[in-house]
Every structure is written in structure tokens, then in C-alpha cells.
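For reference, chains read A, B, C, D and E in written order, and residue numbers begin at 1 within each chain.
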Amino acid sequence: MTRRYLRKQKDQIGSMPGTLLYTGVKKQEKVHIAIIDYNSDNFTEVDTQDIEQIKQYETSSTCTWVNITGLHDVETIGKLTGLFDFHPLMMEDIFNVDERPKIEEFDNCIFSTLKMLHLDQNNNLISEQLSMVIMPNMLITFQEQGGDVFDSVRERLRKQRGRIRNAGPDYLAYALMDTVIDNYMYIVGLLGEKIEDLEAAVLIPDNPKLLDKIKTYKRELNFLRKNIRPAREAVLQFSKLENKLISKRTQEFIKDLQDSTVQVNEEVETYREMLSDQLMIHHSNLSNKMNEIMKVLTIFSAVFIPLTFVAGIYGTNFDFLPELHYKYSYLIFWVVLIIVALIMLRYFKRKGWL
Amino acid sequence: MTRRYLRKQKDQIGSMPGTLLYTGVKKQEKVHIAIIDYNSDNFTEVDTQDIEQIKQYETSSTCTWVNITGLHDVETIGKLTGLFDFHPLMMEDIFNVDERPKIEEFDNCIFSTLKMLHLDQNNNLISEQLSMVIMPNMLITFQEQGGDVFDSVRERLRKQRGRIRNAGPDYLAYALMDTVIDNYMYIVGLLGEKIEDLEAAVLIPDNPKLLDKIKTYKRELNFLRKNIRPAREAVLQFSKLENKLISKRTQEFIKDLQDSTVQVNEEVETYREMLSDQLMIHHSNLSNKMNEIMKVLTIFSAVFIPLTFVAGIYGTNFDFLPELHYKYSYLIFWVVLIIVALIMLRYFKRKGWL
Amino acid sequence: MTRRYLRKQKDQIGSMPGTLLYTGVKKQEKVHIAIIDYNSDNFTEVDTQDIEQIKQYETSSTCTWVNITGLHDVETIGKLTGLFDFHPLMMEDIFNVDERPKIEEFDNCIFSTLKMLHLDQNNNLISEQLSMVIMPNMLITFQEQGGDVFDSVRERLRKQRGRIRNAGPDYLAYALMDTVIDNYMYIVGLLGEKIEDLEAAVLIPDNPKLLDKIKTYKRELNFLRKNIRPAREAVLQFSKLENKLISKRTQEFIKDLQDSTVQVNEEVETYREMLSDQLMIHHSNLSNKMNEIMKVLTIFSAVFIPLTFVAGIYGTNFDFLPELHYKYSYLIFWVVLIIVALIMLRYFKRKGWL
Amino acid sequence: MTRRYLRKQKDQIGSMPGTLLYTGVKKQEKVHIAIIDYNSDNFTEVDTQDIEQIKQYETSSTCTWVNITGLHDVETIGKLTGLFDFHPLMMEDIFNVDERPKIEEFDNCIFSTLKMLHLDQNNNLISEQLSMVIMPNMLITFQEQGGDVFDSVRERLRKQRGRIRNAGPDYLAYALMDTVIDNYMYIVGLLGEKIEDLEAAVLIPDNPKLLDKIKTYKRELNFLRKNIRPAREAVLQFSKLENKLISKRTQEFIKDLQDSTVQVNEEVETYREMLSDQLMIHHSNLSNKMNEIMKVLTIFSAVFIPLTFVAGIYGTNFDFLPELHYKYSYLIFWVVLIIVALIMLRYFKRKGWL
Amino acid sequence: MTRRYLRKQKDQIGSMPGTLLYTGVKKQEKVHIAIIDYNSDNFTEVDTQDIEQIKQYETSSTCTWVNITGLHDVETIGKLTGLFDFHPLMMEDIFNVDERPKIEEFDNCIFSTLKMLHLDQNNNLISEQLSMVIMPNMLITFQEQGGDVFDSVRERLRKQRGRIRNAGPDYLAYALMDTVIDNYMYIVGLLGEKIEDLEAAVLIPDNPKLLDKIKTYKRELNFLRKNIRPAREAVLQFSKLENKLISKRTQEFIKDLQDSTVQVNEEVETYREMLSDQLMIHHSNLSNKMNEIMKVLTIFSAVFIPLTFVAGIYGTNFDFLPELHYKYSYLIFWVVLIIVALIMLRYFKRKGWL
């Protein structure tokens, strides 16, 4: 990911602020535009590739959710600038998928970006940028590719569950953010569970994969933190927004979101500390085991090396070596060996090594 | 616990905000409702399972404490929404037992959640969510199961001790929070005592259970911190609340609670640091002991290995090995061995290893 | 201390807020009341055990310092509530010797608690709670037992040194706090000196008591920090108090105290870091020495083990072993041994291990 | 770099504040002045060495960018003080290339400094100070030497791309700062990529260059942090400036810059932590491998040392050693050796070392 | 230093606030008073020991700098209290050389203290307290002993360089503070250079002095931090002072000083982290080298110990040992030895230890 980022960066340095430049990698062929138009009584779903078709919904009294995927097609999507008189900086941020989560007010709309985390088919963690433009009767969302975490929201719209069909685009935007942040919790929880499972393994020193896992989890936590942390400030700013596009009722719901973002960030920090603690404990445990190993080595060496030396002396071939010729020499030799061994063992016993 | 949490989470993502969904595990069969109705003169205790019975106490001039246990029965307890016109988000928070401690004002009531910590029969640490709804003449508390730390408060109500019978539901709420936070101190103190007891053990390197204990205490401290930390902000918010439901006198008491929450959090941090220090000292001590072990090994090896080599030379069977045939060879051999040994020992003495 | 604390805690959970309960351990038999009554011209010292005697000083125009020791006698001292119409929460705080340092304003007085640190006869660090109640013409101080750090203040009162005799109870309170905080500096300085003395010892690896000392000092610093840290906020609050009981002139002096509390806390932190640095350096030093030990072992082993093997070969009793029978075999044998040894030594020399 | 810094410092101590003193090293021969004069219709580029020529552009209605390189020539550049009535402190800051990034308002201009990071031909990281003076119709920038990251900005000016030709010197200053900060991201990203590449290497213990790389990257991150961190505050101050020289439109763009500076600083911190984690994991991995090595040594030693001892006993030359003369002694000897070896191996198997 | 500090402290506890007590060590025999009287036209230097002589300059229209050295003579210098009606607390702070840097306003003057760092003849770091009293036409400075870093300021006064002769005592005070803080940068830079030089040494494990140096630098950084850190707040307070004694022009210069104090503090922190990183890397490097040493030991032991055992077997003197008598036994013996050695070496090769 970084490499791509750098290539794009290099091109971008010194480019005009406000230049539309897609900083991601093309992930689908064509732009898809999914339009859901609803109010408490009616519900229509339209799929199109013609971006100008969106314009017609602007003045209708119904609420419209336009979901655009395929950000690589800068030319097509860029037409929105003209259609709705969007601010150039806002358009630039939509295409810059490395943008930091934030909320900004413009004259005719509110712009917000968030990172959307989900697992792909191979259970790899994917981070995608979600941009939202809240207009009087319309919410336009931008994603790099199709496939997101919003199916439950669509279902609620279709089935007319809850208050969603009676509320405006501000509530819809809240519902999407709520889903994104709920998903943070789910993702962090999944990783947290793996980290907690690690705890049992920490005291087993011969676990070659343990360090590997700790390393992997550390990296994943860093990735999560980088994506989740700025969401806290973005939601905080959102909850403080005084803007006629956000109803007082929705504001209340957004305030509730703050608790979730604070909590998910605290959980990430807690898991980080937990991993560091585990690494430290694992490290101490390795030292523990090393001490045990060394004791065994030392005891064996210290007991048998002197004995072997004694045996070596009586293996010499000196012509004149009187002890060799006494009748009880061999017996005495054994007695001496055993006494030496016992002294050594007692010494280690005293040291508490046995 | 996490697994349950994840299962619930997964279901919940994208569910309508305001949906009533119990995120815990069913812990008792039926809903129990314990109603204590009191003023300075009268005192009645009623146990019921009929939730609609609560309604009748709403308009009485006495103060009523309704304690509801058995949150799993969402259907029954959900009826309160209609009975008292509760805000849907508040009801959702009551059933979401993973909610972060907080205080929220609503039009007709004040809502507050706290984690209640207690030890079960096997001395395991249990965290249960306590939700409180303060209404003009009533306090409704919600718990997952029966059995709590409030018996002393009930006793004070029954025995008419202190000002509790003369005060309103705000003071009762304060009294419950005070009890919960007093209990934090007790629980933290219990763990802290075990951590302090560990200090004596830290300098004994052959303590196989030491790392195990440190790991366990670290995990328990993390658990405590996660539960206790948010209480500080919740109490702070509470103490700043300007709401006609909270009397000025009660407010003063709540301000006093803040000191306790700050202190208990500082204690948790102090114990965390103490554990880290102990781990670090234990680690250094292991290295210390390792040095000692290695010195013993090195001294034995370095003294006896050269001696064994000398003995080995005179154990060779060369036809022409003149030293073997001199009369005093064996004597000289011993002298040489002893001199070599003395030189080695002196060398180690100088190095300070003896 | 903790055990006592827990026992008390357990009793206290859920007890009525405002209940008078002494949380310490009885340290002297009876309550002692030392009354010093003074103005610029007169000075009287009275010792009594009759608490009601204090009342008579309330309305006199002189300034009175009432020092009460023996907090265990809740019943006797509790009478003050009635005598001076004290707030019940304030009285509770006086008896709760585990209270966090703070300043509180009440209608008729200012209440303040601080930890007083002093060394007992055996040089053990003692922390005692000092509570002060500032009233219009009177200062009442509460201690658990006699013996404190205030003799110099008493001397100044007796000898009419400085402005103390001309000032009111607010200045007296300041003078006591100043003495308490000066003493913090002294105590921290004493420990700091021991920690600085440790620096010389850190690079000596065979210092069995070093870790023990580091452990002890860490614990003592934790103890100091726990007692001293909250004083900073208490003094800050005090200096910001706008209360007719505190003269503008005294306020100026209190502002000066802040510098001291900030400085003593910074010193505690500096010593904590110094200890951690020392532990880390000691740890690295151990590794350093271990490397040295291992080099000696490795050099001896690697030089003599091959030599011994060669000697072992010619110690075998094979019938057909031609080398044994050449005339110069033994000489060649020695030459080979020496060459092998020199090669090994050169190898280690190159590695930089010699 | 430091040595130069110190030499300069030494001279500077106690020198008059406001003294013009170049604290860098002469990097090019002569002062070069590149003047770009433009408005939406006209565009002129002039290169000169005559500093007085700048004066004529002051009153023209076009916007002028004067880029001055070659700060060593204090005398020449110092003439600006007189030409434009610049504040002496501002002029001092321009020549002091060790100045901390900041924004300052003066009566007739706004002064700003930033560190400009770029890679030289050998890919070494270079930090150069960029000073900007924003005046009503003019932007003067100061650099130590030619060669910068602004070619893309010049191109935009020449090709009349974007809004740059229609805006004033405030927007030009923003465009330059934007380019500088974009470049921070690029530089940090480059280093970050190298750090992420390190991750694979961390679990290979025999990587002699690993520590070297970690050390190098740590130093480079420190260098980046030192240069980048203060930019955050500078941009924040800039975005809060209320000054008639900064148009409201430009202010909006500057606010956008803040996100970038926050993000780049967070990235630096994340990479710092990542490096520390890698070092810690590498360290644990070393201990892991050490344990493995020691196990091999211990198993070999503990198995063969006793066996060698037994062989040594029957190599002794005692006259009376009965076992030597039994027919099956040698067979029994082998059986004993194998049994001892098996017992040892089983012992290690049980310990989990095999 | 600490011991002295403690001795003084002990005396001071409970002493009257406002008591004049010199807390330093007598460093010169007599009080020296250097009076420099100047305005833009005139310049006089007078050296005296008569403190009352100062009084005459108070009412002159010229600006006077009185530099008093020799704080031990409390009696003489204490006369200033009477001469200029100084506040007793201010006088106490002048003599208490362990005072924390700060700025305080009094009715008739501004008081400020700073630590002045300089190197003595033996390059030892000396910290001395500089106190300044700014009065309408006079600046009085207090030092413990002669010899300071202000010679360049004196030179500027004598040579009438810069604006110093045209400005009042406020500007002079600023010039002295500027010199003191410039000197911090110089001192920190000197130490920083030594720390950066250490970097090359960190990867050499047999550097016995490395830990010693790290320890020394850590202690020196602690010393610097303790002295420099509070200067930041003092300068900040100074820059915010609204006092008729400080001209608006001087205020601007003081604001510039803030950048320097922030920068020097950040540098100290950066060097602290750099040292910690170096220690950690050195530690990992030690482990690295240890692994290398152990591999050598293990390879030698594991290869030769089995071989020696085999040789030992054929060195036994069993009567019946058939292998000894075959003609090719010795040859086979060698073949076996070499095969065993090769198997061992291959095993270690596979493990990657060779």
C-alpha cells in the first residue's frame, strides 16, 4: 500500500491544491451509481452509470441516497463539481483516499470522510475511504469499489424499519457512520480476542510462532489505530456542528456515537498495552527458562568434570605411580569419586539449584 | 466474555439505532421487580413480576426505588418505553450491557450507567452493568441479575439511618453510586494487596509462579481499569449537571464522589507501574542469577579442563615419552597440576568472580 | 497498612455518607487538645482534654490555634459538629485518614487536608493526615497522634518571631502548610541522596543488594508520590480561593507555596526516572559482564577440548597404531598441540575476544 | 552539522539581539535573486544580483515573487532592512538558519519560516530553512542555496494552471507551504517504507546489519521529527491569523494544511513506535535463539560428559581393577553407556527440550 | 550538592517565611558590587563594597546596572530591604539559591530568577542562580560569585553597540536573560555532540566505558533539564507581564525568547530519547554478541565431546575388547571420528550457525 502511496505522492507534490487526482488503485471497471430515493411512503432503487441523472433528484421533496463507487474515473465523477457547485477542495478530498477523517462545512453542503474497515474473502483487513456529502435533500456517498458494510442499512430502508424512512439525509448519514463505527468495534474485538487467546501461550517458551504472532498483531493494531483514531475527532466535530442541514434530533444520535469512538480507541490502546505486557512477560519467561537450562548444564559439568579429571590421573602411564599398585586403590578411588560428587551436589543444593 | 460480545456485535452492526437488544447472557429465569416505597414516615417493600405495577408509583408523593433484575427479557422490560415515555436511545443503552459509563439528560429523566464490580462465590471478579433512571419521584435501577452490593443501602432505608429517608431519588441515586465506587476501592485494594505481597517474591529467581501471577494481576488490573476509568468522567459530568431533578444538597455530595473516583484511578495506575517495576526488577534479578550460574560453570570448566588435558597427555601410549620414566615425574606432575589450578583460581579471584 | 485499610473499607462500603468513622488505627490513649491563644501582645498555652472548652475561644478577638490529637475517639471529637455547626461531610473527612488532600469551602469555615510526612525514631517514613479548619478567629488542626513537624512554628509563636503573631488564623494555616511542604522537600531530598549514592554502585555487577535497594527506593518513591502529588492541586485550589477568611497578604504567601509543590513533585519524577535509568544501566552492565564470563569459558573450552581429544586418540590401546612407535612422535604430538592452540588463540584474537 | 552549530553558537552568545549573523555554511558563490512578476494576464521572469532592483516591484499592482538564494552574503541581503523598513528581529531570524518554524506578524508584513526537506543527489536527507515575507503585493522568500522543491509551483505560474495567477502573494505563500508539507509526507513515507521492509528481517537473529539499520532509522526519524514537529504549531498559528494580508479564501486553504501537518507528525510517531516494537521483538527473538543454542550445548554436554567419565574409569591403570578382566565386561560397559544415554535423553524429552 | 542542600533544608523547615538565609556555600571572601551607569551619552563603571552607595543611583535619570556577587554575606546585602523597601519574600528568594526560576511582580519592582549554566576551568558544569530586580531606572543582579557569561553584554554597553545604551533596565534584563538562554543552547549542544559521537560506539560490544558514558550523560541531561525546564515557564510568564516597568518594545523581544526556551527544552528531550535508544540498541547488540559466543562454544563442545568419548572408549583397559586387535581398527576409528564430526558440522550448518 505504501509503495502506491509514495508513487502517487511524488506526482502530487506541488500539484495545484484543488486538482482532482485519484490517489488509490483502480479497483473496478466502471463507475456505478446506486440511487435510493425514499420518503415515508415511497421507495425507489435505481442503478445507473450516467452521473448527470443525479441532478434531477436535487429538487425533489423526497430524500435521496446516491452511492457512487469507482473513484478512479476522475473525469466522470468530476462532473459533480459543475452539477452541484461543489467546492474544489472538497472534490480533491473525495479523490484523495489517503485523506484524514474529518468533517467540513461548505456553503451548500457538509462534507465528511471516514475510513471503512472490513474483511475481504481471505479475512484480510481492508481499509477503504468513505466520503459523504450531505445536501438539503440528498446524501451522496463515494467509495472506491462496490461491496461495503451498509447492506443492513439498505435493508432497513427497504423494509421501512425504524425511523430511517421518516428522517432526512442527515439521519441517513448518521446511520452510515454508526454502521462504520459499529464495524470498528467488531474488527477491534476480533483482533482483541486473538490477543487474549495469546495469553495462555505466553508462558510456553518453546513457541516459535509466538513472536511472529505478537509482531503481526502489533502491526494490525497499528493499522487499526491509524484508521480509527482520527474518527474520534471527526465525530466530535460533527456532534458540535451547528448547521441547518443537521436536525436537532439527529444531533442527539451523533452525540451518542462519540461514546463508541472513545471506547473503540481506548480498546485499541488497551490491546496495545496488553501485547507489550505479553512480550515483556514472554521475555522474562525466556530468561527464566535459560536459567533452568544453564543450571542443568552447570550441575552436570561441575559434577563430572572433576571426576573425569581424577579418572584421568590414574589413566596416566607414569612408571612410578604408587597408588596404582595398592590392593584397595580402586575401592578408595570409587569412594573418593562418590565423596566429591556428593560434595558438589550438596553445594548446588545449598545454592538452591536442585 | 469477548466471544459473546463479538457474536452480539456481529448481529448488531447496522441494526437500527434505538433497537432494543440485550447484549449480555441470560443469567436468571424471570424478571424480578423489587419496589421500595418510602418517605420519612412510611416504608413499604413490594416484590413483583408485573412491570405495569410500577406506573402507579409515578404520581405518588413518596419516593420509590424500583430495582429490576433480569435484563434478558427485553419484551417485558421494553414496555417501560410506553409506560413512562422513555427515549428509545436510553432504552437501547439499558440493554446494551457493554455500554460505556455515562450520564445523559433527557426531557423527563436523567439516565446514568456504571459498572458494578463484585466478587462471586469463587472470588472471581464480576462486572455487571448498573443503569439508573432518575425521575421526579422515582429511581429505576436495572441489573442483569439479582445479588448486588446495595444491601447496606437497603438496610439504611429500612432502619431510617441518616438522611436517606428524608431525601429524594437523586440522593438515593447518589447513595448507590457512592456504594459502587466505595466497592471499586475495596476491589482495587484487594488486588493491590496481592501485588504488594508479590514484592517479597520478586527477588527469588526460582519462583515458577511469579510470572504467572504478574500476568494474572496485569490482566486483572486491565480489567479493573477498563471498568473504572470511565466512571471518573461520568461522575464529573454528573457533578456539573444543572438539572431540577438534582437538589443542590445532593450535588454537593456528588462533588465529593469525584475525589474518590480520581483516587481509585490513580491507585490503579500506581499498581500498574508497581507491577511493571516488579517485572523489570525480576528480570534483572534473573540476569543476576544467570551471571552467578555462569561463573560457577566457567570456574569449574576453566580449572579442570586444562588439568584433564595434562593428565590426558601422560595417558598417551607413545613408546618414547621420556617424562613417564623419571622417578619424580608423578610428583612433578601433581605439582604442575596444583600450580596450574592455583594460577587459574588467582586469575578468577582477581576478576572478582570468587 | 493496606490490610487495615481494607478492613475499614469493607465496613464502610455503603455506610451512610456523613457517618463519622475513624479509618486509622488507635495510636494514643486519650484525646489531647493543645490550645494556643495569641495576638501581637498576649500569648497563652493551654492543654486540656475537655473539648467543650474550645467553644469559649470562638468569640474572643485573639487568634486561637487548637491542635487536637487522637482521632480514634470519634465520640468526643464528634461533639465539634454540634459546638461549631460543622458540615457532616467535613467531619467525615476529618476521621477518614485515607482522604485525598484537598481544600473545601463551607459556609462558616474552610477545610483543608494534607499528608504530613515525617521519620519516626527508627527512620521509617510515616504519613499522617493533617486536617485544618480555618474559622474567623480560630484554626483547628486534627492529627492522629502527638508529635509533629510544627515545633518550629510553635517556637515562632512563643518567641514572637516574624509576622506570625500579628496575623490571623489564615496565616497560621499557611505557616503550617509551608512547614509540611518544606518537610516534603527534606524527605524527598533524603531519599534522592540515597538514590544518587546508588549511581556509583550501578556499574558493579556483583552487588547482591543493589536490586534490593532499587526495589526499596522505588517503593518509597511510590509512597512519596502518592502522598505528595495531590498536595499540588490542593495548594493550587487554595491559592485561587476567594474567601473573606483568607487575607490578601496571606494569599500572596500561598501563591509562593505553589512553586515548592511543583518543584517537589518534579523532583520525585526525576528520581523515579533516575532509578529506572539506573536499573536499565545495571541490566546492560550485567549483560556486559555475562559476555565477558562467556568469553572466558568459550576460550578455555575451545582451546583445550580439541587438545584433550588429540591426547585421547593417542591414549587408545589399538594394537596397530603406527604413530605411537616413531621416535619423534611425542615431539611431533607436542608441536601439533601447540600449533592447534595457537590457531585457536589467533582465531579468538581476530574476533576481538582477547 | 552540530559542530558548525556550536562554533556559531559560541560566537553568538551575548551578541546583540537583532544582529544579522548567518548561522549556516556558505553554499554558493553569489546571491541570486529570481523575480517572478505576474497577474492573471502577464508573466515576467527576471534573474538578477542587484538587490535594489526589488524595490521597484513594491508599488506595482501585479503580484511579485522574489526568491533570494545565498544567505551567506549578509551585507547584500541586509540592505532589505532599509529598502522595505523590515524589523531587525525578523532580519536576524532570516539569517539564523537554526530558527524554529514560526509565523510572526509585523506592522508591514507577515514573516514565516519552515524547514524544507529534500534529498540531495546521494539520497542524503537535507534540511534547509525557508523564510517567507508576505507583503501587500509581494512575497519574498529566502533560501541558503539554489535548488528546491518549488519547480512545480513555478510551472503552474508559467502555465497559468489553477487559481494561482489570479490570487495574491498570500495564496502563493500557501502554495509554497503546501508543497513543503507535501514533501514532508513523501520523505516520511520513504523512510516508513524502509521501516516496514525491516519487519520481515526482525525475526532472523543472525542479521548483523539489522541493529545498524534500526539505529540509522531511529536517527533519521529523530531528525525528521525535529524538523517537522514545529511546523504543526506554525501552520496552526497561521490558520488563526487575522490579518488583512491574508484573504479569507486563502485562510480556508491554510486550514486544510493543518490536517496534513497533524497527519505527518502522527506518522512519524507511529514509525517511531514501530521501530521500538521491532527492536523489542528482535531482542526477544535473540533470547529465543539463545535458549535453543544453550539447549543443544546442554544436551550434548549432559549426555556425553557422564559417558566419558565412565570410559575414563576403565582407562585407569589400577593393578587391581576386577571389572577389566571379566569376559563380558566390555559388553556390559556398552550396555551401561547406552542405558545412561537413554536416561539422559528421556530426562530432556520430559523437560520438553527435545 | 545535595548534602549541602539537605543540611540547609533541615535548618530551614519551619523557619519564618521571609527569613533571610543563604542556602549556598560561601564562594568568595567579600561582597563585590559592580555598578555600571549609562545612558546613550555617558558611561561610568564603579566597583565598590559599600552597599549604601547604590542608593544614590536610584533617582538619577540614567540607567544603572548593579551587579552584586557574594550572596553569603546576608547581613550586608540584607540592607537592601531597608534601602529600597523590598518585599521580604523577594529578599528570601534572592538568598535561597535553590529557588525555582520564576517572575514575580511587586509594588515597586519586578523580580526574576534564572539558573545560569557555565563550565568552570575543568569543564565541569556549574549552575549558579541569577536573580534580577528590575526597578524604574535600575537593574540589580545577584550572583553567588564573580565570573559569569555577561562579558559580551558589558562589552556592548562599553562600546555602545546596538540599542542597549538607548534602552532602559527592562531591555538590559532581557539582554542578560537572552545571554543566559543562548548559553543553555551552547551547553546542551556541547553535550548533544558528545551523545551523537556515542552513536558510532554503540555497536561495539567490548566498550567497557560505554555504559559509564551513557550513565554520565544521562545524569548531566537530568541536571540540565532540572535547571532549564522551569525557565520556559518563567519566560512565558515574563512575556505575558503587563507592567509599566516593561516597555512594549522589550516585550516583543522577550516573546522571541520563548522560541529559544521551547527549542532548548525539546532538544534536551530529544537527547534523552537518543540516549535511551542507544542504551537499548547497545543492549540488543550485547545479546547479539552473546549468541555468537555461545554458538562458538556450542559448536566446539558438540563436535569434540562425542569424539573424545569415542577415543575414551578405546582407551579403556578391558582384557576383552575385540576392536583393539583388528588390523584396520585404527583406520576405521579415524573414519568414524571424521564421519561423526561431519554429521555434527552439517547439523550446525543446517541450523544456520556456521
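The working rule: contacts are C-beta pairs under 8 Å (C-beta built on N, C-alpha and C of every residue); 3 or more make two chains touch, one makes a residue touch a chain.
Since we're looking at a predicted model, the values are computed, not measured.
Visitor: Strictly by the touch rule at the top, which chains does chain B share as contacts with chain E?
Guide: C
Visitor: Please compute the C-alpha centroid of chain B, do the same for chain D, then give the distance between them in whole Å.
Guide: Roughly 41 Å, centre to centre.
Visitor: Compute the distance, rounded to whole Å, between the mean C-alpha positions of chain B and chain C.
Guide: Taking the mean C-alpha position of each chain, the two centres sit 26 Å apart.
Visitor: Can you list the chain A residues in contact with two or more other chains?
Guide: 283, 287, 290, 294, 297, 301, 305, 308, 312, 315-317, 321
Visitor: Going round the ring from chain C and on to chain E first, in what order do the chains come?
Guide: Following the touches around from chain C to chain E and onward: C, E, D, A, B.
Visitor: Taking the touch rule as given, give the residues of chain E at its contact with chain C in the complex, in rising order.
Guide: These residues of chain E touch chain C: 2-3, 5-6, 9-10, 12-19, 89, 99-100, 102, 205-206, 208, 211-212, 214-215, 218-219, 222, 225-226, 229, 276, 279, 282-283, 286-287, 289-290, 293-294, 296-297, 300-301, 304-305, 307-308, 311-312, 314-317, 321, 324-325, 327-330, 333.
Visitor: Would you pull the chain C residues touching chain E in the complex into a rising list?
Guide: 149-153, 156, 161-164, 174-175, 178-179, 182-183, 185-186, 189-190, 192-193, 196, 199, 202-203, 252-253, 256, 259-260, 262-263, 266, 270, 273-274, 277, 280-281, 283-285, 287-288, 290-291, 294-295, 297-298, 301-302, 305-306, 308-309, 312-313, 315-322, 352-353
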